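Quick one: structure below, then a few questions.
The chains carry the letters A, B, C, D, E and F, assigned in the order they are written, with residues numbered from 1 in each.
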Amino acid sequence: DFEHALEEVKPAFGTDDAELEDAMPDGIIEFSDGIQRILQDGLLYVEHVKTQSKRLTSVLLHGPQSSGKTALAAYIAMKSDFPFIKLITPASVVGFRDEVAKKDYIHKIFTDAYKSPLSLLIIDDIERMIEWVPVGPRLSNNILQALMTLFKTPPPKGHKLLILATTSQRYVMEQLDVVRAFNRQIAVPAVSDLRELEQVLTKFGDGPLSDPYQARQACQAIQQQTGTDSVMVGIKTILATAETAKLSSDPVEWFADQIAEQVPRRGSE
Amino acid sequence: DFEHALEEVKPAFGTDDAELEDAMPDGIIEFSDGIQRILQDGLLYVEHVKTQSKRLTSVLLHGPQSSGKTALAAYIAMKSDFPFIKLITPASVVGFRDEVAKKDYIHKIFTDAYKSPLSLLIIDDIERMIEWVPVGPRLSNNILQALMTLFKTPPPKGHKLLILATTSQRYVMEQLDVVRAFNRQIAVPAVSDLRELEQVLTKFGDGPLSDPYQARQACQAIQQQTGTDSVMVGIKTILATAETAKLSSDPVEWFADQIAEQVPRRGSE
Amino acid sequence: DFEHALEEVKPAFGTDDAELEDAMPDGIIEFSDGIQRILQDGLLYVEHVKTQSKRLTSVLLHGPQSSGKTALAAYIAMKSDFPFIKLITPASVVGFRDEVAKKDYIHKIFTDAYKSPLSLLIIDDIERMIEWVPVGPRLSNNILQALMTLFKTPPPKGHKLLILATTSQRYVMEQLDVVRAFNRQIAVPAVSDLRELEQVLTKFGDGPLSDPYQARQACQAIQQQTGTDSVMVGIKTILATAETAKLSSDPVEWFADQIAEQVPRRGSE
Amino acid sequence: DFEHALEEVKPAFGTDDAELEDAMPDGIIEFSDGIQRILQDGLLYVEHVKTQSKRLTSVLLHGPQSSGKTALAAYIAMKSDFPFIKLITPASVVGFRDEVAKKDYIHKIFTDAYKSPLSLLIIDDIERMIEWVPVGPRLSNNILQALMTLFKTPPPKGHKLLILATTSQRYVMEQLDVVRAFNRQIAVPAVSDLRELEQVLTKFGDGPLSDPYQARQACQAIQQQTGTDSVMVGIKTILATAETAKLSSDPVEWFADQIAEQVPRRGSE
Amino acid sequence: DFEHALEEVKPAFGTDDAELEDAMPDGIIEFSDGIQRILQDGLLYVEHVKTQSKRLTSVLLHGPQSSGKTALAAYIAMKSDFPFIKLITPASVVGFRDEVAKKDYIHKIFTDAYKSPLSLLIIDDIERMIEWVPVGPRLSNNILQALMTLFKTPPPKGHKLLILATTSQRYVMEQLDVVRAFNRQIAVPAVSDLRELEQVLTKFGDGPLSDPYQARQACQAIQQQTGTDSVMVGIKTILATAETAKLSSDPVEWFADQIAEQVPRRGSE
Amino acid sequence: DFEHALEEVKPAFGTDDAELEDAMPDGIIEFSDGIQRILQDGLLYVEHVKTQSKRLTSVLLHGPQSSGKTALAAYIAMKSDFPFIKLITPASVVGFRDEVAKKDYIHKIFTDAYKSPLSLLIIDDIERMIEWVPVGPRLSNNILQALMTLFKTPPPKGHKLLILATTSQRYVMEQLDVVRAFNRQIAVPAVSDLRELEQVLTKFGDGPLSDPYQARQACQAIQQQTGTDSVMVGIKTILATAETAKLSSDPVEWFADQIAEQVPRRGSE
């Protein structure tokens, strides 16, 4: 079934559908087997929640910034066809007065979910939800405690809940003991090498870089500048750079320069 | 009496019965003598509270994550037949506004308990109750102080109270001087070796892994991957993995892979 | 007079009498000369307050956990025959909303005491009153400041006040500069050796262990397990263990095992 | 197009125009190619926002104190001709009661911007907005979290937003993880050497120092005092000093003295 | 004039007179020339305030615990004959809700004082006023800031104010920069040697120890126990101990034992 | 013009005049060329504000305690003849409830100033305004942030503002990044040597020490006690000591003793 999953994206039920699509503005490009495995795993958990007796399954999607965590969680949610799907993002709570108001809102959504027989909640960007700041360090313990409890609390009998949470601060989450609250984890890697990058470019949109020859050229230019096949740049960054490049007079060169700058140097941090 | 205790589980009186069963969704599997000893000790304390003149007995169940602390406390509570039983969990206080509201709620339940001639309270997951977070470190001193006082305060004359509290952060509780507030302690270990694991599998449910041959196969596969007989994984994790494995095409292999990954490596942390 | 003090315990005037008795549920056992000296000292201070012109005397009873501090303070208070006696315990303030409410309550009791010509106040467990927690470290400065001032403020002319405070955290109290607020100190030691332990057992209650032969057996069993005559366990722990032992099939062995476990090992912490 | 950009400064639409001009009281002097490149980049991003499908572009202008960050951001905003332009400065929030009121105001402006098809927001001096103080260190996590979320949240469909933010504390912003919230960065350097300084002087205003000969004299005097061609002083400081110098009896000498004092010594911090 | 000052103690005007006497319950004993010098200095400042044009004089009396700081300040105040005298002690603010209420009360008294042509304020025990606690360390910055400002703010034209403040934490006050707010300082030492102690005893009250022979005996006993002539114990402690000794069967021995215990050992902290 | 500035002190316009005089109760004594240079600089900035187009000038007067910072700022303000002059001191905000009320008051005065075409504001003792305390360290970030913004925000078009701020904690202000908010700095040194001290004495008032011979005697006595010509004591301290000395029987000796005590020892902190 996973083989054809990508073709048959059907919108989830209700008002949240647009919101989910909004979280994956450029769709899902299958630039590596890893992506397919992530989707397979995600949809397997969806299936389990439907068929198993266990009332709660919680999955942590973690990976570097811009690697596509939010989009993948949204994709899995869309594919789930669950009657209740809700996406809780930092943007959806930014307008609240303080941490208590934020916590109440989050708790309210969980309570709503508990009323549906089958629910899926995405908690996007946990570090932002708990107001994490590395200096201090500081965070909202109020929200953190609520989330850690909600991540482990099953809905009442006759109800099932799947939680998908994302973070680009896995190490912090481990220090805070948040990781142990999850049943399962999915690693979402950045685009790792030039082969994958080429895949991304040729499969993305209609700009000049999607031409196989230009894509190859761009990759070679990056190889020359960095002296390595390794890329390790998030897909979100790559797609945004590719789109901006369209407006440049020399898209290939401009794109290659920008990406090469982002490739982590060996021996650095 | 302890020998036959497991057969004759009778529900506790009142509205909390379902709640207690909910805290041990997979029942209690006797996978080792240790489990029986824990139940014996727990029920002995129940007996003492009934027959002794001492008005307060407080017991701390401590052990690694997922080792079954909550389920065992709930089991002992169910077996107690006390007229007043109440389970205070992080989930039951997550909706409160702030630490003061949480503290008031907890205090209210203790006050209610003091009105019954014979009461049993479970305070589940003390570290979550006091909003502990290792970074900082942070906690709710308001709730901590209330709990430390309530753990040591006997009910009025003519009333008896048994407190069962659980924690997977015994070391933290010692640093906070919480441990000394308890009369008794019960250690709840993880499933320690393959022999115990095999017991768990064969005694649990009706899936493929409960077949003795498959269970043996799974254990051997784990042995091969880890190179040791030691397991040290909590029963909750084992049961959840076993249930998910049912949906896999090769349950034995999938189960063995997952558990092997969780077995603590020698020399690591 | 001190020689016969123990025989003639008369209840203090008013509603607090039951409360005082409640604070020494097992009475006062004279298991060593030290106990008599503590009571002599305490009653001497009572006498001084009555006859001296000094309006305020404050005494700090300090000693390890469970050594009997609260019971001894309650005993001295009962013997004082003062018209106004009040016991302020952590349990009596646990229901208050926050530190300000607690502080107001404490201040109110002192103000009430100032109205009586002769008053005695017990402030039990100062570390809990000030909400001390070693991690942080944290405390309620609001309550601490009030207590430090109240411990040093004499009542108005024509009034006398005796303050008995207890703590098992003398070192912390010294760091917080609380100790200097007291006029006098009384050290309350744990049961120090097997000879004292034997005294405790034979003088306590009617269980099997109060039989001289059994008591001697228990002490010998402890000696064998620990390899020392030293005990250093609080009387509260010893009495609670002795009471629970009654229900055991082999009280002597069970009691010896439990106590031996509590005896501090040489060289440890 | 960039070549002629500086000539055709047209005011932005609406009430914010005066405010923008106020943020660049001495206009923009092209004292180096770097300045032109900054403006080119800025206007390129303006163009992209107009033509691209991406709904959000966020740019961080960073550089030393007084280097002209605010003026350059204001200039780019004026040139954008966007229908909605708003400048959020520390001065615009200084009157608010507390961090919550400030955060609400900032959030309100973003919400307003989301209603326009094409908006540009300048968030000036992020370190001041988040109430950063190096000692402690302290900051308003409330405002920080809101900004970090708002910097990454695109407006609704059919709307476009360009964010220009300025900071002279890039290192702090990196530690706080703020930098990663931006799509693009523009470095705004100080006036780096005497050649650039001469350009600034001759192109600025009508005072004595704008006379080429006097400007050259001033630069030589500085060279003699500092023993280097390097300057590294912000343009704002240079222009303010030049204006004050007009009132001096010997403008060249006074100006040279003042600037020489500001030139960072080699080997010093 | 200073020679006869001690004989002619006249009460200060108004309601505060009793309060001042209450602050020196055992009067002032001239046990050394130092005491006379302190009183001379204090009364000199009183004189200066009356005759000088300077509107504000602030004096810090500092010394070890129990050395008589409060009594000496009260004595100087009584002798001043100022129309407005007020004693602000920790006890006078202990009933206030929080630091803001305390600060308002203190400020109110200063404002009242500003209305009198000649005022004297005693701020007793600054460390307690600012709610200092060494662990943390913690304090009320609200009160500290108000005091530091009030200690330096002269009353309006035509008004004079003398401030006497006491502290036994001079080192802390220096760290907090409080000391610099004072114009003058007076050191109040403890009773330093056996000669002074003998003076104290013979000049104090009518108990057995005031008999010259007994006093001498007591001093010799102390000398024997401590092996030194040095005493370094506060007069308050000495007088309290002497009063309690009256009730003992052997006052001299009991007194000597108690004091010897308080004499600081050489080489110890 | 600066040469005759000191003779022609004319009061500033409006209600603040008395307040300014109050801030320099002993006038300004020209005890060194440095004082004249400070006044020249200050009045030059006044002139610039009047004639320049720049709308905001901010000057930081920094120097050791008691060196005359407040008096010099007040003097410059009086000489400015600006229509709006306001002195914001710690004493003027001490009565406010909390930091928010203080901040609102300060902000209100700036807003008032913005309404006048030509304004001068003195912010006296910034460290006290921001409630700085070195232990912790602690401060009011609310007030600090407001001040840092207000120090850099020019008034609206057609308005001019001169800010004079004082501090004796320049190092702290640098750590807090406050210093960079100022356009100009003026160092206000203490009285540095005996020659300057002699000037101060002979030019001050009508007491015995203003007699040239006595002044010389005093200086020689200090020289003998300290073994150095260096003084480094603030003028405020010197004048207060000289005034108190008038009442002494031997003013010269008493004065010399007191000052000698204040002279910083070589090698000490």
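Methods note: a residue touches a chain if its C-beta (ideal position, glycine included) is under 8 Å from a C-beta of that chain, and two chains touch if they have at least 3 such contacts.
None of the values given here were measured: they were computed from a predicted structure.
Counting steps between touching chains, the shortest path from subunit D to subunit F takes 1. Two copies of one sequence, subunit C and subunit E, touch each other mainly through non-matching residues, since under half of the numbers at the interface are common to both.
Chain centres computed from CA atoms place D at the largest separation from subunit C. When you average the Cα atoms of each chain and compare centres, the chain farthest from subunit B turns out to be F.
Annotation, subunit B versus subunit C: rotation angle of 60 degrees from the Cα superposition, expressed as a multiple of 5.
Mean C-alpha positions place subunit D and subunit E at a centre distance of 59 Å. The mean-CA centres of subunit C and subunit D are about 68 angstrom from one another, to the nearest whole unit.
With each centre defined as the average position of its C-alpha atoms, the distance from subunit E to subunit F rounds to 34 Å.
The set of subunit B residues that touch two or more partner chains is empty. Taken together, the touching pairs link the chains into one ring where each has two partners. All chains form one closed ring of contacts, and listing them from subunit D in the direction of subunit F gives D, F, E, C, B, A.
Across the complex, subunit D meets subunit F through its residues 22, 65, 90-91, 94-95, 97-98, 128, 131, 133-136, 138, 140, 240, 243-244, 246-247. Of all the residues in subunit E, the ones that touch subunit F in their complex are 44, 47-48, 51-54, 100, 104, 107, 111, 137, 139, 141-142, 144-146, 148-150, 152-153, 157, 175-177, 180, 183.
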